[in-house]
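Which chain is which? They are A, B and C, in the order written, and residues in each are numbered from 1.
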Amino acid sequence: MMKNRRHIKWGFLFFFLPVVLWLFLLIVLPHLELLRLSFTKANTGKFTLDNYLAFFNEPIYWLTFVRTAGYSIIVTFIVMVISLPVSFYISKIVKERISGALMILILVPFWVSELIRVYGWMILLRESGILNHFFVSIGLFKEPVEMLYNDITMIMGLVYTSMLFMVVPVIGVMDDLDNSLIEAAYDLGASKTAIWRTIIIPHCASGLVNGGIIVFMLVLGSYLTPNLMGGKNSLWFTEQIYNQIILYFNWNQGAAFGFLLLALSSLIIWVLLKLTKQNLKEVVK
Amino acid sequence: MDKALSVQNITKRFGDFTAVNQVSFDVEDGKFFSILGPSGCGKTTLLRMIAGFYKPDSGTILFNGKNMDGVAPNKRPVNLVFQNLALFPMMNVHENIAFGLRRRGEKGPGVDKKVRELLERVGLPESGKKQISQLSGGQKQRIAIARCLIMEPTVLLLDEPLGALDAKLREHMKVELKNLQSQVGTTFVYITHDQSEAMVMSDMVAVMNNGHFEQIGTPQELYHKPKSSFVAQFVGNNNKLRVKLHADSSGNTIARYADQYDFKLAQKLETANENEEYDLFIRPEAVIINPGDGRENFHILPVDVTSILFDGGNSRLLVQPLGTEEELVVALPQTREYDYIRSKDRIQIGWDMNKTVCFKRSDWKLYDEE
Amino acid sequence: MKKVVLVLMVLTILGSVLFAQASAETKNPVLRIITWSGYAPQELLDKFTEQTGYKVEVTLSNNEEMISKLRATRGGGFDLAQPSQDRISSVVEQYAIYQPIDYARINTEQIDASLLEAVKKNTLVDGKSYAVPHVYGTEGLVVNKALAPDVKDFKDLLDPKYAGRVSYRLKRPTLIGMGFSLGYDPFALYSDPVAYQKFLDEMEKILIAGKPSVKTYWDNGDQLLQSLRSEEVWAASAWEQAGWKLHAENPNIDYIAPTSGALGWVDTFAIPAKSENLDAAYAYINFMLEPENAAFFTNRETYGTASKDAVNYLDPEIKANFTRGLPPEVLANINWYPTVPAGIEEMEGKTLDKIKAAR
């Protein structure tokens, strides 16, 4: 019996150690190194807060962050608003067979990379693109209009690329919603909007917050979509980090930006959770 | 009296299947009306049409004389207590009960007062702050009813709300529900597959089968004067004797049981086809044990006692008529008068001709394995 | 039983690691190169392996990543790199990621002498040079002459006449090219950060004011080719290869050297500090600069080569491109990128960010 137990312990160590090493060497250590870099001066290696102060002193940096965070919140909100009726339709209205097919339709675009999806949009929307060709040929437009390279297109692209991550958790909780609750509310005099407000949205709150956190982080951390679809005015905060590290070799500044992004986005999520009275533990569950 | 609810010639089809077929009935104001039928008989469909969730294919529904055609569920003066109660888990008890009032736009202390009154009436004062998950089955029941009653509906619909409770609690809730109804005076339309629930609580019962009503009447009428074979079998316990009919020389209808016992019937029935099968029904409590001779219009049947089922006031004898393999149930009054009867005894049983009913043979699946 | 299996597993894993280590020490037949896409055609790699026995592993990259990767490993992980000549001396000073070139092991006979001297001079750190020239090219204008006949210089990209029909990269070459075109000498200002900042502030104003002309700031070559090909964009700052490629499809489009001078770059061979296969690295440099091999590369990629006699092996149409777009008088007028002093790129970066963020 004793011997047997020793065996299990060895086996456990054998498989557990790589996981610990993996986590420590590839995730914890690099982050600690980045944290150290963010507090040191570029060439001398001395301790400094300059990298963090630069963020607050240089308007271009924090304005970019405010812009990025603001647009991320807007995108998250739009995704929520769209995914609610979409999930309701898939989960409650259509037959099971069709709802499976619809789920696949939502999933399929995510089988290809973000880059290809964005290029797809560009082919559709560009001045010499398919939509323009169509609108001109039916006489709706006199001449082609550039639909790319503006904030609205960029938001649309971000909404599209992050839709799935909201729809899936919301469908998950929507499936648990007892249809008779909706009927009971209807029976007790609730209008359609009141049913959404008092029954469906509160029921789906955990899924919405769950998806909201994923979408917010995803959008905040996205690089390709704002860059390619946003065009000449779209400076995204991730681009600043990329530029600092890759273009200007200022790892210290880039590391500081990275940790600021982490800290500020966590702060925003915390504030939003507080405001919506959601509990992170419940959401993660 | 005013008719709180009037249903006229209502029909609902799902594809080829006719769930509700030409049903008509009226419910008088303040009555407890039950619709009794086995599951799949169309009673839930009927209820959902009354509540407004289904649109009838034809026919009209009137509340207090007002036609409800095209009126959405949230605009009807009717509320439904769901089978699974459908209390809102995201709200506490108080918010659940106040839900309907708030949707009507009522605000402020008036709402709180009404909710408190209703909580007292259903015997749950002080539980307004509780979450739904903290309530017991019976408490949930009362909250679900309170949530509807606060709307002061013309008609309160109840869809087998006692189904989820255990037997003991169900017995208790039957009485409580009946008392509540007579206190508040609201018209109840109650659907159930349990004939005991329907009989105990209702002023009027409609027996439903295969999408139509077999009979509407008081519980006593249904019990004593069933108008169809289905009602005779579905309402209360009944003995069924398989018989064939012929007429005697003076024109009376005679039922022949097991090819050897002839019973003269009070009714006159069509006897042209002597091979047609009929059922003769006798309630267990109408059967007299060892009745003795010399009674008028009386049927006598010799039987063997197969077993004695002692159950206090509900004790019964199981007996086998001589020359058959069938089994009849006989009420065994606990007056100590029949203490001498033992299993395997040969005795005589009999009953008054007027206490039988006879219908053409039709077999029903009465109890479904739910 | 379990124990035996476990011990065997551990032994196998340890054994394979040790074996790999041992074999690596005895012989190193692999040359690991980090280079640009197209710089190491498979045909030449096969030929190289056949001649020398060295196998080549290619990692595709660009200047910035090359530096970042080598910096992360402190000059290890690759045996040969191909940075631009202006990206060498400063990173050698700061991070010491390259080692000096032993020119005795280079066959200098076959290299264009002036390019070699220029590269040696530009990569000089503490009396030693760090690179050998391989490929050169220019950044100028690609213009659709039918639609934008008046674009002759970088500053013409600001012309409101071509509003929404112009594209350039929001990268440092644009700041510099625009500077030369508007009468500055940005390279001369490199040594004076204050003056350079003033120059950048000027450029910021000018480029923000010129934003309405821009359709989008292009980011990758395919994107640019597509916009020029579809005539959504009429004039752009770009490399001669883009112009020549489009010229073959549409004769109206061609590469033009700006009147203020095209910007010239030279990509080199440099050896990372922890190169594990010096023999193979030198052999590869000499091999790639043989006239025949260099010409194969130029015929394929249309980049100019530092190999002196490669011109004798060029295809006629490739030769025609060079005589049309880069005749001797244009080559003489090229502004070659000098080494970038530390800190300059960060200043430029901030300016570029401000331009991009401006409305």
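Here are some notes:
Just so we're on the same page, contacts are C-beta pairs under 8 Å (C-beta built on N, C-alpha and C of every residue); 3 or more make two chains touch, one makes a residue touch a chain.
Being a predicted model, the structure only gives us computed values, none of them experimental.
Closest to the middle of the protein, by Cα centroid, lies chain A.
Chain pairs A-C and A-B differ in how many C-beta pairs are in contact, and the one with more is A-C. Centroid to centroid, with C-alpha atoms defining each point, chain B and chain C lie 90 Å apart. Between chain A and chain C the centroid-to-centroid distance comes to 35 Å (mean Cα coordinates, whole Å).
Taking each chain's centre as the mean of its C-alpha atoms, chain A lies 57 Å from chain B. Shown for chain B are the residues in touch with two or more other chains, of which there are none.
Remark: chain A residues 7, 10-11, 14, 43, 58, 60, 63-64, 67, 126-128, 146, 148-149, 227-228, 231-235, 240, 243-251 touch chain C in the complex. The touching residues of chain C, counted against chain A in their complex, run 2-3, 6, 9-10, 64-65, 67-68, 71, 91, 94, 164, 170, 211, 214-217, 219, 223, 230-232, 342, 345-346, 349-350, 353-354, 356-359.
Across the complex, chain A meets chain B through its residues 178, 180-181, 183-191, 194, 198-199, 202-203.
Interface residues of chain B, counted against chain A in their complex, comprise 51-53, 72-75, 78-80, 82-84, 86, 88-91, 99-100, 103-104, 147-148, 151.
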